[in-house]
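Each of the next two complexes has chain A plus one more chain, namely chain B in the first and chain C in the second.
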Partner chain A sequence: MAQVLVRNVSKHFGSLGAVNNVTLEIQDGEFFVLVGPSGSGKTTLLRMIAGLEEITEGEILIGERLVNDLPPAERDVAMVFQNYALYPHMSAYENIAYSLKLRRLSKKEIERRVQSTAQLLGIKDKLKKRPKELSGGERQRVALGRAIVREPQVFLYDEPLSNLDARLRVHMRAELQALQRRLKTTTVYVTHDQVEAMTLGHRVAVMHEGQVQQVDTPQNLYAKPANTFVATFIGSPPMNLLPGKLQEQEGRLYVVGEGFDWEIDSARVSQLHAHIGRSVLVGLRPEDLLLSDKASNHRSSLNIQIRVLERLGDMVIVYGDHGECELTAKLSPHTSVEVDQSVWLEPRIERLHFFDAINGQALG
Partner chain B sequence: MNSTVTFERKLGWWRLRFGAGRAITYLVLSVVALLILLPFFWMVTTALRAPDEELIRFGPLLIPRHVHFENFVQAWETAPFGRYFFNSFFIAIVTTLAFLATSAMGGYAFARLRFPGQHILWLATLGTLMIPAEVLLIPNFITLAKWLHWSDTYYALIIPWTVSAFGIFLMRQVFLQQPKELWEAARLDGCGHLRFLWQILLPQVRPTFLTLGVLKFFWTWDMFLWVVLFTNADDMRTVTFGLYRFTSEVGTSYELWMAASLMSIAPIVLLFLLVRRQLIEGISRVGLR
Partner chain C sequence: MGNIVFLALRLLRLVWARIPEKIREALLGYGLLFPVLLILGAFVFWPLLEDLALSLFHGNLGNLFKEFAGVANYKDLLDDPVFRKAITNTAIYAAVSVPITMMLALSLAVLLNSKIRLQGFFQTSFFLSYITPTIAAVVVWRWIYERDHGLLNYYLGLIGVHGIDWLNSPEFALPAVIIFSIWKYVGYQVVLFLAGLQHIDKQLYEASQVDGASAWARFRDITWPLLAPTTFFVLLVSVIEAFKVFDVVYALFPSRPGGPLRSALTAIVYLFQTAFEGFRLNYAAAAAFVIFVIIFILTILQRRVFERRIYYE
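Presenting the complex of A and B:
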């Protein structure tokens, strides 16, 4: 087991910067997730750690060993590919055993390790079958087995669950988590699915346009997004963003925008004081908007006309427009609202997020 | 309602199985098959008849009155066929194996490796495909016979045929169809290029590879002009050349000629039967004829 250090790593394909100056410290035994939209450079970064892609700039260390110039086989990492990349002409057993054979382990030792891996993954009775004769989930397990059997220092996964149907994906997600807890092998896991990222990762790095936007625990990513990209990428439906201005009146701090005028709770005043007079984006999670009646102070509530309404059983999601901005709110399932109805929504003031209107960075 | 559908379906199946269209297809195929088989049948009947039988009766469909198996023995003894067969086998096997190796490795290099000058080399390789073999006959003769003095050696009969742009081209194309992740997974497992080629990649394209090998064996076995050009010594000659010995100024003994011909195609027929299934798959897969 080992720590993985990525230091100022960049990758250019011609003039395109796929990965730009990324630095990460992945702890020994950590389940580390790289998440981001398509084309953000996740796979490229993972492949550089694996040794399948040359590093344009920077250094990668695995267990204190500089691996920049080491071929993949000598890095002691195992990778699970999105399409599994099993050897089609070999049985599940041979697929799992192949790397051990190349390392000239004894027949007995190979047998022992393949069997115990198969046991762990519940595919003992499938070992004689070829990949073609296995279901998607079983192939996935064989691919996992091929990685596990080597007992590598690091596991690298590139969207390993994306070829499975929704139910199986949820199931395998839980299994992967249990597996990692058991083996305690450092894991780097690439996905574009934020639910996978949030459920699996001890820590998650959010990537965008080749750069790491934030590295943090799932809770912190959600509670304290570092910028508007992370704020809107993590969480579904995404966070609402409203333009406003920070203003001071009679010693109190307000955020003022079209149709609202909220007093900021005293606990955060000192934090935001330095930004008075600045244009900001106010972030509001959909679940932090509550239905209110107009009778209360209307400058504290936002008025929208419901355009779309989704009843999900455990909640109702409403979409509407507030001036130029689209607003989304998650309401209790017992709320009686209709499409085209005009409603007032009041935020939980203490849960507001503030971002610089120009560079999108979190304030405070 | 349901029974109508079932009935319709049955009718469709029946038509497919026994209908007029089907019958015509079978008829045409049968005629073609007969046309192809007829010369073989003629060969066999000719090979088994008495030398003078032709004087009395004629025609491809006639069964000989007496079966003369001794024609084969006599044909075998007319020329040093033992030596010829050895030469044919030796040349065909060595050429085919070497050709398969160069095709696989060359195709792999162009499909998967990146090296300086690759593009130019690839164009040059393709370029040689465009040159008709006849144009090269005389330059090749000069190179091999005059410069290298390889006349009457196996070198002249084998080495020029061990590499072909066609083989490299074909293998490159089928290698390119294989997913890139296969190599990456193998690399992580600790595979080098040669081992990957042999243990992982070639098994994926086995039908094509085998077809290429069988065709090469056929072509090499059939080689005639080249043998005439580069050999004078009898012990360097091959079976196809041996067949030529039955026509002479004195006349042609057809029954011996056909007996020898049958012996000469026997290995090819055997080889074909051995790999028939893979061969059909390979040919339909690459659209090669």
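Presenting the complex of A and C:
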């Protein structure tokens, strides 16, 4: 087990900067998730940690050892590939045993370790089969077994669940979590699925265009996104963003925009005072918009005409347009609303997020 | 007229529909195979049978089937020292040139496959030797093999070996043929091996690297087993090709086919001389059949030995 330090690491493919100046401190035994949209550089970063990709700039340390120039074999990391990369001509047993054989362990020791790994993963009766004769879930387990059996310092996962069907994915997610709790091996896990990131990660790094946007616990990413990218990437449906301006009137602080002026609760005033007069983006999570009746002060509510309506059983999601902006709200399943109906939505003022309209950074 | 055709077709359709499904499928299958069987029959099986028949007779150019001879031609062949020499030479030629060519081609292919840069250039260069007509290449090679001014002896001279008369001494004639054919076929095999290598998932190499495999272990555990279908195919084809070697020998030794003291006489050269220079067609037919049987047995043997160990995707 070991800490993984990534210091000012960049990777260029020709003129393209796939990873730009990334710094991460992954703790010993931590389940660390890299999440981001396609092409954000997650795989590239993971492959640099594995040693499969040259580092253009910066340093990577595993367990206090600088590994920049070490080949993958000497880094003591195990990797699970997105499409498993199982050796097609070897049985499941041979796949799992391969790294041990290379290390010239005795036949007996190999047998013991492969069997106990297979036991852990519930594939004892599948060991004689070739990868082709296994189902997706079983292959996935063999790939996991190949990593686990080595007892490496670090596990690296590149979207290991993305080839599984939805049900199996949820199941394997839980198993991965249990496995990590048992083995306590430092893990770096790449995914583009924010639900996986939120459920698995002790901490999550959100990546975008080769840069780390924010590193934090799942709760903090959700509650205090550092910028508009994180705000809209984490959470489903994504956070609403409305343009507005911070203004002071008679000693009170307001955010004013098209069709609304909301008084900011006193707890936040001191934080935002420095930004008076600034153009901002107001962030509103869909679940923080409540249905209100017209009778109340209309400048406190937003009027939309429902364009699309999704009934998910435990909630109703409505989509509509407010001026130039699309608004999304998560409403209680018992709400009786229809498509084309015009409704008023009132935000929970204390849950508003504020971002600089120009650079997108969170304010306060 | 049109009506009759129309009626006939309708009738055919009615009858067709009444044939049980299973038989209909079989009929359709054989029907589709028929053209291929026809071509194979006309150009492969029929000539083979004809050859066999010819070999069982004594005859002359006027009457090839003059008198039935049973296995007399075959008996004579077994006692014919020239034929035995030709078969031995061919076997030596195959046993030496095939493994060397394959090892060389495989090594080159693995090297080319790892360095993508200029791959196309090298691939084309190697292939050139294969597509150059043997007769044209031999003109250059006769000069390379020349005793006093040849390129090969010049280089050998640098390491202290002098005066080998490649094309005129019985010891070196067959080696000269082997060296030439290695040069000729290596590029062709490189292309085949490269195609096989490119079929192997690159991620397997990455996975094995992470698993701790050295370059040699990666070759032994990933490349070799996964390339086996290609290797086996190349082996089969080149053994067959080797037993059919003809033009190289004929072109390298134009004044005395078979080389000095028949030291480079190969099976097909023998066949050619017997049939078209000696005009002993019945005897040549027997020789042809023996060569066919040898190739056939070798092919079956190779399948027996290797096929079960090959992993096919």
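The working rule: the second predicted complex is superposed on the first by the 364 of 364 C-alpha atoms of A that agree within 3 Å, B and C clash if a C-alpha of one lies under 4 Å from a C-alpha of the other, contacts with A are read in each partner's own complex, and residues count from 1 in each chain.
The rule we apply is simple: a contact is a pair of C-beta atoms (placed from the backbone, for glycine too) under 8 Å apart; a residue touches a chain by one contact, two chains touch by 3 or more.
Note that this is a predicted model, so its numbers are computed, not measured.
Per the definitions stated earlier, placing chain B and chain C onto a shared chain A by superposition produces a clash between them.
In the superposition on chain A, contact is made by A:L102 with both chain B and chain C. Once the two complexes are laid over each other on the shared chain, residue contacts for A:P71 go to chain B and to chain C alike. Shared-chain residue A:N83: touches chain B and chain C both. When the two complexes are superposed on chain A, the residues of chain A that touch both chain B and chain C are 50-52, 71-73, 77-79, 81, 83, 85-89, 98-99, 102-103, 146, 150. Residues 179, 181-182, 184-191, 195, 200, 203-204 of chain B are the ones touching chain A in the complex. Residues of chain A touching chain B in their complex: 50-52, 71-73, 77-79, 81, 83, 85-89, 98-99, 102-103, 146, 150. Considering their complex, residues 201, 203-204, 206-214, 217, 221-222, 225-226, 311, 313 of chain C touch chain A.
The touching residues of chain A, counted against chain C in their complex, run 50-52, 71-73, 77-79, 81, 83, 85-89, 98-99, 102-103, 146, 150.
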